[in-house]
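Next come two complexes built around chain A: one with chain B, the other with chain C.
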Partner chain A sequence: MGASVDTNTSYLLKLFVAGDSSRTGLAVANLRHICEDEFPGCYELVIIDVLRHPGIAEENKILAAPTLIKERPLPVRRIIGDLSDKEKVLTGIGLLPPQR
Partner chain B sequence: MFTHVPNYPQIEKIETGIIGFDLISSGGLPKGRTTLVSGTAGSAKTLFAVQFLAEGIQRSGDAGIFVTFEEEPADIRRNVKSLGWDIEAWEAEGKWLFVDASPDPVQDQVESGRYDLGALLARIEYAVAKIGATRLSMDSLGAIFAQFRDAAIVRSELFRIAYVLRQLKVTSIMTSERTQEYGEIGRFGVEEFVADNVLILRNVLEDEKRRRTMEILKYRGTSHQKGEFPFTIVSGRGILAIPLSAMELNQKSSIVRISSGNDDLDRMCGGGFFRDSIILASGATGTGKTLITTEFLKGGAKHGERCLLFAFEESREQLFRNAEGWGIDFEAMETAGLLKVVCAYPESASLEDHLIEMKDIIEHYKPNRIAVDSLSAMERVATPKGFREFVISLTSFIKHQEVAGLFTSTTPTLMGGTSVTETHISTLTDSIILLRYVETNGSMRRGLTVLKMRGSIHDKDILEFNIDGTGMHLGEPFHHITGILAGNPRDVSFG
Partner chain C sequence: MFQNIVENASDGILVVDLDGYVALSNPAVASLFQIPQEQLQGELFGFPISSGERTEIQVLRKDGSLLVTEMRVSDAYWEGELVFIALLRDISERKQMELALRQTQEELAALYHCAPLGIVALRADWHVKLCNPAAESILGWKADQITGSIFSDFVRPLQPDSFPAEDIVQRGATLMGKEVRHYRQDGTPVDVSISLAPVRDASGRADGIICVIEDISRRMRDMAQLRLSGKIFENTQEGILVTDAQGAILAVNQAFVVVTGYSEQEAIGCKPSMLKSGRHDLAFYADMWHTLRKNRQWSGEIWNRRKSGEVFPEWLNISAIDDDEGNILNYVAIFSDITKIKQNEERLRHLAHFDALTSLPNRFLFQNHVELALAQAVRNNRQFAIMFLDLDHFKAVNDSLGHRAGDLVLTGVAERLSACLRAGDTLSRFGGDEFNALLPDLDNKAAAVSVAKKFVEVLSHPFQIEGKEFHITTSIGIAIYPQDGLNLDQLTRAADAAMYQAKAQGRNAYQFYLADTASPTEK
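Showing the complex of A and B:
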């Protein structure tokens, strides 16, 4: 997959966070910025609080908070952290080729 | 025994149900605390973690959580089936719950920015609340450290998990791998700070023999037995520790005499052996040890006592034929339910396994007297240290049953000499009988002496004896001959 963005692709992103912490706030803000910058209008973002929904965290085998799962398009990818390193997020999602 | 008891607040313990471990740890794991179980690959850490939960369920219905960082739940379920543990059934009953934190083999994980393991903690808390768990195992720390780049984060999160578990009053185990049997406690050098207590499992190769031991290295604020204790893994039961110094020396001493099965020998011993004594018969090959054993069994059966023989040198057929040659009918004794003969090759199992099996048989058969012919055959399959522990453990076990035990020991040299067995056991035995070859004037004769007879007077002569179709017959003392016990007999009749 190249660096170009296919605007027809619809992204499904799930962000697992633990409670209403400053780290949660930072991760949500970072992710929104990235989405708006890279694929405006063609993404769906679901935020799941593992403290309220530990069962969903169990099903998805989440350990770290925050954890971002890109479910669509395939392949499924996982990124952990507050998403402050945009380049790594894009690499993780598969929008940038892995760094040499 | 006086033990210095430090002035700690009393820490409650819960019995794990792992036989032997509860003794070593003076009552089990500290309640509500986290204990680190560290060991090299193959040291049975995962088994310990599984068994801790399994015993809780089976013994007291305690629900348990298994947090796996390494193997997938399906693998764990399958692996412990052979030990007789049906995890699936317990899951269905709501007694067992997995928190699956095993790594995804396909998905790679990218790290971007700061994170913690809050989701894992939330899952653990959720699982504990869901089934009301009081026990929890985490297996293993190395695998969770491997999933994240930042070891400092993992470490501080493990602290947090241990803290929360304590608040929830959950007693827990964390396993961790080490690279060497003796050295730092864990691979990351931090594990021991996460847990209050540290248990080390070892699987040491010593003189080509595998030896498993467990040692409590640290038990903060509570007492425990010190040092390494051998353990073994038995199918259907799991880990069995064999604590020997943990055993109490509180056996009573009986003054009731029992017959050795040989009237002459009874006379020499001042009227027979004591009912709950351990007797060692030592001598070179062919000096009559098996005969003494056989007569000892006959003497028991004659008085309606149940006799048990562990034979490590000869087959059943040989033993029965030998007995017949001395006019003793083993078959009739067996039919009457007064004799049980257990034959085994020492090489067929490890010493720890032999010990467990022997204890099992003794507990089930409930004999009045026990003979082991020969104990020294076991030297072949053990290290000197392992053998010593075996002898001490078997001896104290038999003494606890308050029955008579006769052990034989083969000396390595034909004339005189002592064996390793003798060295290890002599202080534990109540009586020692020595059988010796005596060479005089070109002929080989045989002599017997009672070297020690605790709590009784006994004949101190070295008597010559003969063996015929009715057994052993003691004769006259070897006058004029000295140096028999040293294996260097000299005729001194002419001064």
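Showing the complex of A and C:
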């Protein structure tokens, strides 16, 4: 995959999910797969259940789940929805240029 | 116009710029999030993405609840900028219905597989769609053998001509619990109860039939058994009464009513002691209950009382009926009225000791009395007499008038002779025209002579038989203990010899035994 990612950069990703459903499991698995493919060994993935940590969700102004926030590298980007399409995810978090 | 459409759309609409900030929202989306619309403006939502046409997200509402929402994402140029449009639709209700539907399906599937009832789903044309394991086992056909075939080809009693098949499909009637006999593939019969109900489509038309089949063979067998038991209970010659554990009568049969005279209504609720005759003591009943508790069974002869007050003997058999834990539930008493048997016994006992014609003691009882008199005489050092009487020329009476008249004479003789005796004396008839008397405890020979004279005297009067007069005389032989013999045998021989001597002397006389007189048989 020809993503223009800097492997020296440390990636910090926060995934906000709601509850422990199969949908949540799928979102987490999709994201891990993308991370392992794209940033092997240099990413940090934090998974936050908004039901168990409503305070953190509020601090981060989370409106829906799943929400993925890329905190590093800057700029901060967030996406909402389906994480199964790697290109769309990478585009969404600003690691690929938007396609039309 | 675009703004107008957005404002009035029933779906929530969010227009998000390239950085994920809300550029435009509508009232529907504000109500989804429970956030005032103006507050949504400029809010960081995020960059909406969907791999397909639509995706599901969970909206976190202000009240903390989650709303399952369908999101469609598209992009557009708006006011010269590339923007993303997220259309949000509340699908929580649909989700819940899907969940409820799935649960119902799971429950139905469990029921279908585990129920002991056969369940067969039929199409409206009676072809089998589905058949559960219980139906396979009850009907004796495998699902794959009957699926797609006409059901009544396998279940004969459901032939359309014997069955209101049309009513079910055309008119939506149901059929509840039709009991029929079905023959399985292997030929074995099974009694089943079949219920049918139409399954309607959305328009209310029956487009299928659910058939529920219950194996009722066991119930049918039990019912047949019950009917048989009932018949036996009602028709047996033995009286039967059933009580509860406390002894209150629960049921009686017809024979009970006939034997005791109490009706069913009178007996039910009472205790069997209503039949007590008073002939048995407390120990008798205590022993009965002891045996019954120990062995669960008692049988024996018991005297009871009928409603009429008459006391009667019965042969009674009582059994205790236990439950699985060994607690007594019922007692069942079965009895037969043995009045007739008792009467027969009494008659036999009489026949064994008494002459059937005259009711006088027979030879057996006479000898018994002689033995008793002998023992008393030895003990008290007393004497006693035995007399043998033979009617003179009695054969002529029988020959000329017949046995009936002869019998009447013999009965008359017995009566007259009996009248001459003391209480404690014995008159007997061994048979024929011979009578025998025992006079125990005599003071002297003269006492015997006095009786012998009376015998002769009472017979001297003529007998009136069937309008004719008869004269009868007797010859009497007398033997005295101890002088004429010391035991029964010796005394019998002596009396017999004396009697023959009396006959030899011209009859109508009595004769004491003379030591030198030998009996005719010894001559």
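FYI, the second predicted complex is superposed on the first by the 96 of 100 C-alpha atoms of A that agree within 3 Å, B and C clash if a C-alpha of one lies under 4 Å from a C-alpha of the other, contacts with A are read in each partner's own complex, and residues count from 1 in each chain.
Definition applied: a contact is a pair of C-beta atoms (placed from the backbone, for glycine too) under 8 Å apart; a residue touches a chain by one contact, two chains touch by 3 or more.
Given the structure is predicted, the values throughout are model-derived calculations rather than measurements.
J.: Does the superposition put A:Pro40 against chain B (first), chain C (second), both, or neither?
T.: In the superposed model, A:Pro40 contacts neither chain B nor chain C.
J.: In the superposed arrangement, does A:Gly81 touch chain B (first), chain C (second), both or neither?
T.: both
J.: I'd like to know which partner A:Val50 touches here: chain B for first, chain C for second, both or neither.
T.: So A:Val50 meets both chain B and chain C here.
J.: For A:Gly25 in the superposed arrangement: first (chain B), second (chain C), both or neither?
T.: Neither chain B nor chain C is touched by A:Gly25.
J.: Taking the two structures together, which residues of chain A meet both chain B and chain C?
T.: 18-19, 23, 50-51, 54, 57, 61-67, 77-85, 88-89, 91-92
J.: Residues of chain B touching chain A in their complex?
T.: 99-102, 104, 107-123, 125-127, 144, 147-148
J.: Can you tell me which positions in chain A touch chain B when the two form their complex?
T.: Residues 16, 18-19, 23, 26-27, 30, 50-51, 54-55, 57-58, 61-67, 76-86, 88-89, 91-92.
J.: Which part of chain A faces chain C closely enough to touch in the complex?
T.: Touch residues, chain A against chain C: 18-19, 23, 50-51, 54, 57, 61-69, 77-85, 88-89, 91-93, 98, 100.
J.: Tell me, which parts of chain C touch chain A in their complex?
T.: 18-20, 33, 43-52, 55-60, 64, 66, 69, 71, 73, 75, 82, 86
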